[in-house]
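Just below sit the structures, each encoded as C-alpha cells.
Paired with chain B in one complex and with chain C in the other, chain A is shared by the two complexes that follow.
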Partner chain A sequence: MDTIVVEHIAKSFGETQAVKDVSFSVRPGEIFGLLGPNGSGKTTSIRVILDIYQPEKGTVEILGGPMNEEKLNQIGYLPEERGLYQDVELSRNLTYLATLKNMTREEIDQKLPVWLERFDLSDHQKKKTKELSKGMQQKAQLIAALIHDPEIIIIDEPFTALDPVNTQLVKDLLIDLRDEGRTIMMSTHQMNQVEQLCDRLVLIDHGTVLLEGDLKEIQTQFATNQVLIQTDSELPENIKGVQSIQEEGLYYRLTPADGLSPRVVLQELIDQRISLSSFEIATPTLDEIFIKVVSEGRNGNEEDN
Partner chain B sequence: MDNLKNVLKFEFLNIITRRSFLLTVILVPLIPAVILGALGFLNDDQTQTIGEIFTSEVANPLPIGVVDQSGIVKDYPDWLTGGNLVEVEDESTARQRTADAQLEGFFVISPDYLENGQVTYIKPEINMITEIVQQGALDDLINYNLMGSDQRLYLRYQNPVSYTYEYLDPETADTRDQETFQFFVVPYAIMMLFYIMILVSASLMINAVGKDKDNKTIEILLTSAKPMDLFLGKLLGHGAASLLQMAAWGGGLVLIMNLGGNSVSFLEGLQLPTQVIALGLPYFILGFFLYGSLMAGVGALAPNMREGSQSSFIITLPLIFLMLMINQLVGQPNSTLTAFLSIFPLTSSVVMMTRLAIGSVPLWQIALSLTVLIVTVVFIVRGVSNLFSSQTLLSGEKFKMKTFFRTIFVGR
Partner chain C sequence: MKKIIDVARYEYTHHVAKRRFWIALLGIPVGFLLVMGLSLLFSYLSFDTEPVGYIDQANLITQPQEVPENIGFLDIFIELIPYTDEQAARADTENSEIQGFVVIPAGYESTYQLTYYSNKQPSSDVTSRINELLRENLLLQEQIPNLERVMEGSRISLESLDGSQSSDGSSWHRIIVPVLTGILYFILVMSSSGYLLQSLVEEKQNRTMEMMITSMTPNQLMIGKIIGNLGVGLTQILVWVLIIAIGLFFFQGRLSFLSEMRLSPGAIAISMALLVLAYIVAAGLFAIIGASMSTMEEAQSVTGLMVLPMMLPMYFFQSFFTNPNGVIPKIFSYFPLSAPMSLSLRMAFTRVPTWEIVLVFVILIVSIVLVFWLSGRAFRRGLLEYNKRIKLRDLFVKEVSHG
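Up next is the complex of A and B:
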C-alpha cells in the first residue's frame, strides 16, 4: 500500500488553474522528490494533500484512505514560508505547535529538550524567535515538523538558509528517518540534494505531471550513449567510431557515431592503447533533465496553443 | 475540541503575559487609586473638597490682610475665614507686614465699595490658582458682613433652596438626583468604560488573526487545527483576557470610589448601580463576541495586520456614532432614540449599560435587547466562520468590503 496516492487532482483559484491534472504516489519508507519550476503547482498540490485545499477534481489517499484528523497528526510539515511567532520565545512556540499535534505536556517535556540538543538550540530556547538567526529559525521549524514523531514528513525547501554543516545535519537526519521507515516527500530546487537523497520523483509544470519515476531509471532514460573518459594520454583527433570529442575540464566527452554502443568506443580506445583512468557512461544531471523536460513541455504547450 | 482548547490557552497566556497588557491592567486603576489614597491620607479629617486639597497644596500658609476703608467688614469669624483673613488697620501697616513676611499680601476695600465694588489686592507675586481661592474667601467674608453677620441668613444665602423631586411614573422615569453632579458621572464613566473595553478588546482580534498571517504560522496551524477551532479559540482566548482586564478595571473603579469617597467629597456617595453589576458581564461578553467576531473576520480576509486595521473602521462606526451622541443619550435616557439604540444589537451593549447606570429600564426592553443581541451574535459568529476557510486565510488578496459582508450574510 502506497503512503500517499494522488490521482488526477485539479485546483483553481478564480481564473487561475494552479493544478490541472496531477497524479503520483509515494511509497512507504522512501524519500520522494516533488519537483517543478516556480509557479508549477507544487505548493498547491502539497496543500491539497494536506487537506488545506479541497480539490475540484481527483482524490488523495493517505495511508490507504481519505485524510482525517488522526492521519493529519501523523504528518510533519515544513512549509516553504516558515512560520513561528516572532515575539514569542522559542520553547513556547514549539510547545504550542506540538500541542496542536495532540502531544501531551509530558511527551513535549520529554522530547523537546532532545530535539533542541540535536539541533544545538538548547541555549536559545528562552529567546524570542526574532532574536534567532535565519538558520536557527529554520532548524526550529524542522523541530516543529518532527517533534511529534510523524509517519509522513512533507518538507518544502528544507535546506534554505542552512550552512554546509547544518545542511549535512539535515541530510543525515532525513536519511535516518527514511531508514527508520518514515515516508518523506521533499520539494526543492536544489537538484544536487534530490540526486543525493531521493529514491523517486515527480516533475510537474503548469499543473501537470511531466515526469515520474525512479531517479536512477529517469537518469538512464535520459542518458545518451555519450561516454566520459579521463586519461593521461594525448587523444588523437579522430577515433574510429567516435563522432565528436569535447574537453570538459578533467574529462573528455565522446559521442559515438550513430548506432554504435559505448562498448565499441571502449574497445577502440583500448585498441589504440590509450591509457584510461576512468570510463563511464555520461549520465545526465537532474538539472539537465529538469531543464530539458520543462523546456520541451513548455514548447509543446506553445505549439498546442 | 482539544485544539480549540489549545488555541484558547495559547492566545490567553500570550496576551496576559505581555508586558503592555500587564501595565494596562495594573496601572490604569492603580494610578488614580494611589493618587486618591494619597489624598485620603493627607485629608484625614475628611473636610476638604478635591479643589481645596489641590489649592491648599499650592497656597501660601501665611494669612492675608484686609484693609477695610469702607467700614462694612466688622466680623472675621474663624468658622468662615479659617484664620486666613486678618484685619489690618491701614495700608502702610499692611505693606510693612507683607514686606516682613507676616502676610502673604492684603486686600484694600475701597471707601466707595457699596457704589463700585472696588477691591485692590496687593501682594509680592501673583498666582492665578491661589488668587481664585483667596478672592473667593474675601467674597464670602463681605457677603457675611453685608448680611449683618447673621450666620443663619448667610448659610441660607449660600444654599438657598433644597429641592425635592417626585416622579410621575418612577418605573420608567429618569430617577437620578438632578441636584447632585456626581450622579451624572457614573453613566458617562460606564458608557466610556464599555465603549473602550469592547472596542479595544474587539480590535485586538484583527491582530490575533493577522499575526498568524504576518508570522506565516497560518499554514502550519491549518495542518493541525480546523479553521473554526482557530477562530473560536482566538475569540474565547481574547474574550477571557478582556474579562480579566475588565475585572481588574472594575475592581479598580470600586477601589477608586471607596478611596475617593473617603478622601474627596467629589466622589462621596458615588456607587455602581446593582443592575449595572448584574448585567454588565453578559452585555460585555455579548458585545465583545459581536465586535470581536467581525474584527476577526476582517483579519481573516485582509492579507496582513496593517490592511486589516485600516479596513476595520467601518465596523466601529456604530460605536463612534454613540460617542458623538453621548450627551443626548445620557441626558435623555428614555427617549425613543436611546431606547432604540439600547435594543439595536450593534449599540445595545453600550447604550443599555448607560441606561441602567442612569435608572431603571423596563424589563421587557432588557429582555428584548438581550434576545436580539444573542441572536445577532449567533448569526454573526456563524457568518464570520465562513471567512475562516483555508482558502481565504491563505489567499493574500486585497480586502474587499463587499466580499466581507457577502460572505457573512450569504456564505461562500
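Up next is the complex of A and C:
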C-alpha cells in the first residue's frame, strides 16, 4: 500500500487555478521529490494533502484512507512559511507544538534535549525565536516537524536558509530517517538536492504533472549520447564522427553525429592521440531535465492555446 | 479534547504570564478610581460650602438647623448661621466669613418673599437649605403629629398582577444585576476577545497557524482559544472583584445600604448564563474577524462595529424603564450580542414569560453553532491568506459550493 496517494486533485482560489490536475503516489520508506518552478502548485498540493484545503476535484489517501486526527499526529510537517511564535522562548515553542502532536510532557522532556543537541541549539533554548538567526529558526522548525517521531514527513523547501554545514546535517538526517523506514516527501526547486536524496519524484508546472517516476529511470530516459571529456591537449576543430564540441569549464561536451555511439567517438579520440584524463557518458542533470520539460510543457501549452 | 485543553492552557498562560496583562489588569481599576476621585474632588471643590447667614425678622425659626455630628469629606453641608442685625451679616459677607445672608421679613407668612444679599448667585444647595429650614419651622407651628414620618413619605411595595413578582419599591437595587451583567459582559468581551483577536492575528503573522491546523481541526483550535481567553477575561474580573471586595470590607461601615440589597439568585443565574453564551458568540465573531484580517490595525477597525450592538441597551435604557415589553427592548433581547443586558433589564422591570427566556437561549445556541461553522470556514480560508483580507461573502459562497 502506498503511503500517500493523490488522484486528480484540483484547487482554485477565485479566478486562479493553483492546481489543475495532479496525481502521484508516495511509497513507504522512500524520499519522494515534489518538484516544480515557483508558483507551480507545490505548496497548494501539499496543503490539500494535509487537509488544510479541500480540493474541488480528486481524492487524497493517507495510509490507506482519508485524513483524520490520528493520522495528523503521525505526520511531521515543515511548512514553506516557517511558523514559530516570535515572542516565545524556543523550548516553550517546541514543547507546545509537540504537545499538539499528542506527546506527553515526559516524552518531550526526554526527547527535546536530544534534538536540541543534535541541531546545536541547546545553548539557545531560552532565547526568544526572534533572537535566533534564520538558519537556527529553520533547524528549530525541523525539530517541531520531527520530535514526535512521525511516520510521514512532509517538508517544503527544507534547505532554503541553511549554510552548507547545516544542509549536510539535514541531508544526513533525512537519509537516516528514510533508512529507519520513514516516508519523506520533499518539495523543492533545488535540483542538486533532489539528485542526491530522492528515490522518486514528480515534476509539476502550472498545476499539472509533467513527469513522474524513478529518478534513475528518468535520467536514463532523458540521456543523450553526448560525452564529456577532460584533456590537456588542444582539441582539433573537427573530429570525425563528432557533430559539435562545446567547452564547459574543465570539460568538453561532444555530441556524436547522428547514429554514432559514444564508443566510436572514444575510438576516434584515441586514434587522434588525444590524451584523455576523463571520458564519461553525459547523464543529464536534473536541472537540465527540469528546464527541458518545463519549457517544453509551456511551449506545448501555448500551442494548445 | 486533550488538544483543546492544551491550546486553552497555552493561550491562558501566554497572556497571564505577560507583564502587560498585569499592568492593564491593575491599571484599569486604578485609573478608574483616579478619574472618579478626581472628578468627585473637582465637583466638591466647585461647590461653595461656606455658611450662609439669616436674619429672622418674622420670628419664625424656633428650631435652628441641625448640624450633623460627622460631616464626611465629600458631604455637601451648608451651615445656616442666625444673625440678629444686618450690619454684622453684611460685614461677615464682605469679609467672606459667609457667602451671603437672607432676610426673612416680618409678614413673611403672607408674602412668602425673601431677599438674599450677596455678590454671588446662590447655588441650588443654598436655596434648598433655606427653604428646608423655613418649611420645617412653618410646619412645626401647625402641630402635626408624626411630622417627621409624614415628611419622609410612604414606602411603596410593588406586586405584579399574578403575584409572581414583588419588590419593596425602592427600585435602585433591581437594576444592579442587569447593570453588572452589562458591565461584566462588556469588559469580558473587550478584554478577552481582544486577546483572542490578537493571538489569531499574531499566529497569522508568525505563520504558526499552519502548524496548528495540521495538528488539529480548526474547531478544536478555536474552542481551545475561546476557552483560554475566556479564562484570561475571568481572571481579570476575579482580580477586580477581589479588589472591590477588599474595598467593601474596609468601608462596610459607610456603605450601610448594601445590607438592604436583596438580589434574586434566579435572575443572577439566568443573567450569567446569558453572559457566557453571548460571550461565546462574540468570541466566535472575533475569531472570524481575526482569521479574515491580516493585521491588527485592520482587525481593530472592524471590532468597533461589534461594540455598537453590545452597547445598544445602554443607549435605550429609558425604554427598558418605561416599557420593558415594548418593541425595542424585545428586539434587543432577541439579538445575541445585546441579549444579556437587555433580557436581564427586562426581567428586572417586568415579568418576562418563560417561553421568551427559552427563545433567547435557543437563539444564542443557534448563533453559536452558526458562528462556529462560519469561523471553521474562515480558518481554512483566511488563515493562510497572509496578505489578503477575506470577504464575508467568500465564506458563504465559494467554499460551500466546493465543500
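Note that the second predicted complex is superposed on the first by the 305 of 305 C-alpha atoms of A that agree within 3 Å, B and C clash if a C-alpha of one lies under 4 Å from a C-alpha of the other, contacts with A are read in each partner's own complex, and residues count from 1 in each chain.
One rule holds in what follows: contacts are C-beta pairs under 8 Å (C-beta built on N, C-alpha and C of every residue); 3 or more make two chains touch, one makes a residue touch a chain.
Since we're looking at a predicted model, the values are computed, not measured.
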When chain B and chain C are modelled together on chain A, clash or fit: clash
Chain B versus chain C as contact partner of A:F222, first or second or both or neither: neither
Contacts of A:Y77 with chain B and chain C, given as first, second, both or neither: both
First (chain B), second (chain C), both or neither touched by A:F279: neither
Among 73-81, 109-117 or 181-189 on chain B, the segment whose C-alpha atoms clash with chain C after superposition: 109-117
Shared chain A contacts, counted only where both chain B and chain C touch the same residue: 47, 50, 52-53, 72-73, 75, 77, 79, 81-86, 88, 96-97, 99-102, 144
Contacting residues of chain B [partner chain A, same complex]: 2-3, 6-7, 10, 14, 211-212, 215-225, 390-391, 394-395
Chain A residues touching chain B - in the complex, by the definition given at the top: 13, 47, 50, 52-53, 72-73, 75, 77, 79, 81-86, 88, 96-97, 99-102, 144
Touch list for chain A against partner chain C, complex: 14, 47, 50-54, 56, 69, 72-73, 75, 77, 79, 81-86, 88, 96-97, 99-102, 144
Partner chain A, residues of chain C touching it in the complex: 2-3, 6-7, 10, 14, 202-203, 206-217, 380, 384, 386, 398-399, 402-403
